[in-house]
Amino acid sequence: MNKISDNRAWWLVLPVFLLVAFSALIPLMTVVNYSVQDIFGPGQAFFVGTEWFKSILADQRLQDSLIRQFVFSGFVLLIQIPLGIGVALMMPKSGIKGSLCLILIAIPLLIPWNVVGTIWQIFARGDIGLFGWGINQLGIDYNYTGDTLDAWLTVLLMDVWHWTPLVALLCYSGLRAIPEAFYQAAEIDRASKWAVFRYIQLPRLKSVLIIAVLLRFMDSFMIYIEPFVLTGGGPGSSTTFLSQTLTTMAIGQFDLGRAAAFSLIYFLIVLLISWLFFTAITQADKEK
Amino acid sequence: MAEIQLKSLAHSYSDSPTGPDDYAIRQLDHVWHKGGAYALLGPSGCGKSTMLNIISGLIQPSEGEVLFDGKRVNELSPRDRNIAQVFQFPVIYDSMTVYENLAFPLKNNKVPADRIKTRVQEIAEVLEIEDKLHKKAKNLTADEKQKVSMGRGLVREDVSAILFDEPLTVIDPQLKWKLRRKLKQIHEQFDITMVYVTHDQLEASTFADKIAVMYGGQVVQFGTPTELFEAPNHTFVGYFIGSPGMNLVEVERCAGGVCFDSTVVPLEPWQADLLERMTSTNVKIGIRPEFIEVSAISSDDTYESEVLDVEDLGTYKIVTVRLANQEMKVRQNEEFEADLGSQIHLSFPKQWLMLYVDEFLIQEQQR
Amino acid sequence: MSLTLENVSNTVDGVDYVRDANLTFEAGSFNVLLGRTLAGKTSMMRLMAGLDKPTKGRLLYKGEDVTGKNVQSRNISMIYQQFINYPTLTVYENIASPLRLAKMPASEIDRRVKETASMLQIEPLLKRYPLELSGGQQQRTAMARALVKDATLVLFDEPLVNLDYKLREELRAELRDLFQERQCIAVYATTEANEALALGGTTTLLHEGSVIQSGPVMDVYRAPVNTLAAQLFSEPPMNMIRGRVTDTEVTFDEYSHHALTQELAALSPGDYWFGIRPSHIALVPANDDDLEMSMEVALSEISGSETFMHVENSHFEMVTQLMGVHQYRTGAPVKVYLPINKLFVFDNDERLVHTPSRISGGAV
Amino acid sequence: MRQTRSKNIGIIIYILLLLTPVYWLLNMSFKTNREILGGLTFWPKNFTLDNYVVIFTDPSWYNGYLNSMAYVSINVVITLLVALPAAYAFSRYKFAGDKHLFFWLLSNRMAPPAVFLLPFFQLYSSIGLFDTYIAVALAHCLFNVPLAVWILEGFMKGVPREYDEMAYIDGYSFPKFFIKVFLPMIRSGIGVTAFFAFMFSWVELLLARTLTSVDAQPIGAIMTRTIGASGIDWGLLAAAGVLTIIPGVLVIWFVRNHVAKGFALGRV
């Protein structure tokens, strides 16, 4: 598809530009404005330069929260990408069964994030939750509200339950684009199941997998509602992620200056990572 | 190398076929001998691709048997039938190099590494792609990719047949005859049974020793390019082979042969004799534009015709004439000259005048 | 009413798609653009249609400069390679769409749509959707839409290439008849020399964006301006053999010597390219002054009524086009005869200096 | 690839595990709070619809659904109206800064909502839009519009440019061509984009809760606030949760054939 270069196309893009500017650029400017001031109340603010940034980078609580976030996102990718591919490979290719599978698997994605938290809040309780009760029946004392490790594993399990379908459906659409002739050729060449996966399916899943990793890393990196509803960030602050720290700081303590500086750092990390993925995707697109 | 036989084979895509139209392939028996180069020729929708997929095992025929060297293979999947297939669009493993592509089937058959190396080198030389062995397969040109895809079949010593499904579709026109020439050389060198599906008579006749012309799910003729040209045994083959196709004229029986309007066309004695024994009213005569002779003077066995159009095609001319109320085409060499509306005298050499009843040719030995 | 391209060039991101083209197409003419893939056929047609603007030169229509005019305001129509029809409209609506946009009365639209549809034998399909039809029927729908609005310029971009061999033949004949009496300018792009010959009218040879030669089809075919034009306009390409002429004889590739006959006497001594059409090479001498060469069969390709035999020897290789079917084993020795009066001669800069005289003879 | 038995078993097991928590929520929603706390039972002993009755009668509950529905629909309409022309521009033309603009959109899709809480709160209060459907709809455009542009651009690339040119040649002006020819050709793409915009707006709570207080409070906010004095009424909470899943399942059913391509952002 060779595109014509024509700057009049800007007229078509203008509405998007204005709308997203209004809902992103203007707010971002206020954040930058606050991040360099110490604000006591409306009208009383002192210019403090990069003082907030320095204090945040030094703040131990935020550093723990950042590390916790990276570890969490790391685990999310490690589990959900391979599991998603596995599920996609098992899904029937076409027909009624195919679309039925698609809808059932997509259900977790349709549930509001707070309801996901509520479901697992009930499901994992020892007394009224099937999962919690089941684990205890097996003799393992499991209490996600009390034990840090249990809380962590439950949050991770909830996220795997909630978002693996997205990876599975992305890979499923990638697999569906593979022409039948490739499978026939593999059949004729007597390729083993592994060879079919390694040489036909995986290379063609590359661009879709990059999108999956991008979406999963970003969304897990800014997770807030689900763990908040499930564990409230506890026990202690073991499951308090970046977004929750920021929200309590900004809305809870009305500590505007620090919250603004923290928001900027948070957003810059996100920008850097999504830029890496963006070049990877456009690279994959070019090769296809 | 296998002899491929189809015994009373038929195939319908609907599970309860009623009339003949429900059949993609109508009842037929057919044999491809060991090591032969064959073509399946016909317009799109005539069932030739279905036939190819039945041979390769991708489709199970709804009726009849598929035999490889006399052994029934209906239940065998493509992987157990030892066939290789070259598809319409190059199907290669992009992430591999050319060498790995060619070695892939051998590796899957657990062939020892050194044997793979020599075999791949040998086949690469035959296909003239030995200098590209270590390049990534995805950067090759379309015709090189088709060579690689064919190479995957050739490397296997146990391959029983190679099937081609219109392999030249995506190749640049000026490269086509080079790849056709390569396919022909390979067939002469490897003596593998090859079946080639196409709608292009030039590709079919340059590649195949014998061509099966398919029409409406039936093999209407199975013969060498010469037989198809000189003795098309079905009116469709006459029309489909040769450009322009055979002149076909509907005629009635009359004294001394057959006639249309007032023109009487004498028949050979055996033709008239066989015609009498048949009752059908669907009688046609056919003669190829290449075989109609034009003479300057009229004689008793020439027919008066008016020139309607003279098409100059460089190396030859196609003259459209009206004979009684029938339009016919005559092929003449490039020096032929005639004014529109002028009269020319045509004669139909006996040995090239074909008689068709119910669309099928009346053959001499049909006593 | 004529279309003129005046020094038209189109260079995009440093690539010359069209180089300094000067062409004129008269009303009622059928013009074929013949060239290999990527020779610039489509780029040139897009310039004529107004879909692209040339970076240099002018486009004149009836003398008026239309270079900048946008495509909506030009009365043109175009048929693409991939059967482009509106998938969401029925065949009837597809054909009617240009007329509806021209705000033509419904009764008039109905008459013209039905008339054009029957002309292209798709009247029974008017209620169907294009994607339900076969390739040939889809392309006929596209042609009907192009012809219904009596455009002054009709552009065909290799429209038959995705169709069956036999269907292509039929549609080509129909196209020729359809444009016999129309007053519009038709421009037809193809890679096949036979299609240019079959469609007649004028032929313009294109190679890498430049116009090699343009004129009535038989003039270009009979007198190719250089070796490139000769090879572009023949299928399989015309055979070219190096040769040197001295006062007394002509020697081909320092190998076979032949007496200089009065036919070639006019040539001044020097090196030349000798061109011979595959169809003029015979296996049996037609006249006594034929050039005899002993070769070996490389490959014989039979195509129904003809055989293309590739012959070669240590010096050069040739292709012969013989009537009827000739079965030869590869490597079999064979003698071929080149009638002198059929030779084309090109000078060292590959420009044509001698065309075969039209006396009778030649391989039948 | 033939669907072997082992694959069928594998996928069934996965789906069962996936749906167990939802089954448990459903199971809860038909029990009274007392029975829930009384002990763990696989089936509601005394099946009751009280929880649902409460939700459908108590305005503070059902208003939550109506509010959510309202701002989600507004968001979907705005997103499509704005994204369609932009996606067309991206799929057809090269223009100054197109790469940067596309990346900027992507980065907004990835922007953590938490970062925008404070500025949005202040922005919408200052222009008097606080606690209105428009506020939430506009806020959700932050991530829905970039996603919509991406998916639509993928679908639009599937339509060869020859269709545009043919329409111009026939005499269509750009707007007429866009509405009467082009949009019908990517109907499936528009359907899928609407579904995704609906889904991501429906499931989001952080922004929706922060920008509303009374009039436009979404169901999610109401649910998280019911931790009232007498402790959590689990049955009611479960019933409310079940009702939030139904709209999504209904919508996905209509676009089921194209949703796979949509998930891959039209890239496949």
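When the chains are written out, they are named A, B, C and D in that same order, and each has its own residue count from 1.
Quick note on the criterion: a contact is a pair of C-beta atoms (placed from the backbone, for glycine too) under 8 Å apart; a residue touches a chain by one contact, two chains touch by 3 or more.
From a predicted model like this one, the values you see are computed outputs, not experimental measurements.
Within the chain touch network, how many edges lie on the shortest path between chain B and chain D?
When the steps are counted carefully, the minimum from chain B to chain D is 2.
With contacts counted as defined, which of the two, B-C or A-D, has more C-beta pairs across the interface?
A-D
Please report how many Å separate the Cα centroid of chain B from that of chain C, as a whole number.
Inter-chain centre distance comes to 26 Å.
Using Cα averages as centroids, what's the distance between chain A and chain C in whole Å?
Whole-Å distance between the two chain centres: 58.
Just give me the whole-number Å value for how far the CA centre of chain A lies from that of chain D.
Here the centre of chain D sits 16 Å away from the centre of chain A.
Quick one: report the Å distance separating chain C from chain D, using the average Cα coordinate of each chain.
56
Where in chain B do residues touch two or more of the other chains?
Residues: none.
Which parts of chain A, given as residue numbers and ranges, touch two or more other chains?
Residues of chain A touching two or more partner chains: there are none.
Which residue numbers or ranges of chain D touch two or more of the other chains?
160 - these are the residues of chain D that touch more than one other chain.
Specify the contact topology among the chains shown, as one of line, ring, star, complete or other.
ring
Using the contact rule from the top, write out all pairs of chains that touch.
Result of the pairwise touch check is A-B, A-D, B-C, C-D.
Any idea which chain B residues touch chain A in the complex?
56, 58, 77-79, 83-85, 87, 89, 91, 93-96, 104-105, 108-109, 149, 152-153
Okay, in this complex, where on chain D does chain A touch?
It comes out as residues 1, 3, 7-8, 10-11, 14-15, 18-22, 24-25, 28, 36-37, 40, 42, 78, 81-83, 85-86, 88-96, 98, 101, 103-123, 138-139, 141-142, 145-146, 149, 157, 160-161, 199, 202-206, 210, 219-220, 223-224, 234, 237-238, 240-241, 244-245, 247-249, 252-253, 256-257, 259-261, 263-265, 267-268.
Tell me, which parts of chain A touch chain D in their complex?
1, 3-10, 12-13, 15-17, 19-20, 22-24, 26-28, 30-31, 34, 86-87, 89-93, 97, 99, 101-115, 118-120, 122-123, 127-131, 133, 161, 165-166, 169-170, 172-174, 176-177, 183, 196, 207-208, 211, 214, 218, 221-222, 224-225, 229, 242-244, 246-247, 250-251, 256, 259-260, 263, 266-267, 270-271, 273-275, 278, 285
Show which residues of chain A lie in contact with chain B when the two form their complex.
Listed in rising order, the residues are 179, 181-182, 184-185, 187-192, 195, 199-200, 202-203.
Taking the touch rule as given, give the residues of chain C at its contact with chain B in the complex, in rising order.
So the residues of chain C touching chain B come out as 36-37, 134-135, 164-167, 169, 191-192, 194, 197-198, 200, 218, 221, 234, 236, 277, 279, 299, 301-305, 308, 310, 321, 323, 325, 330, 358, 360, 362, 364.
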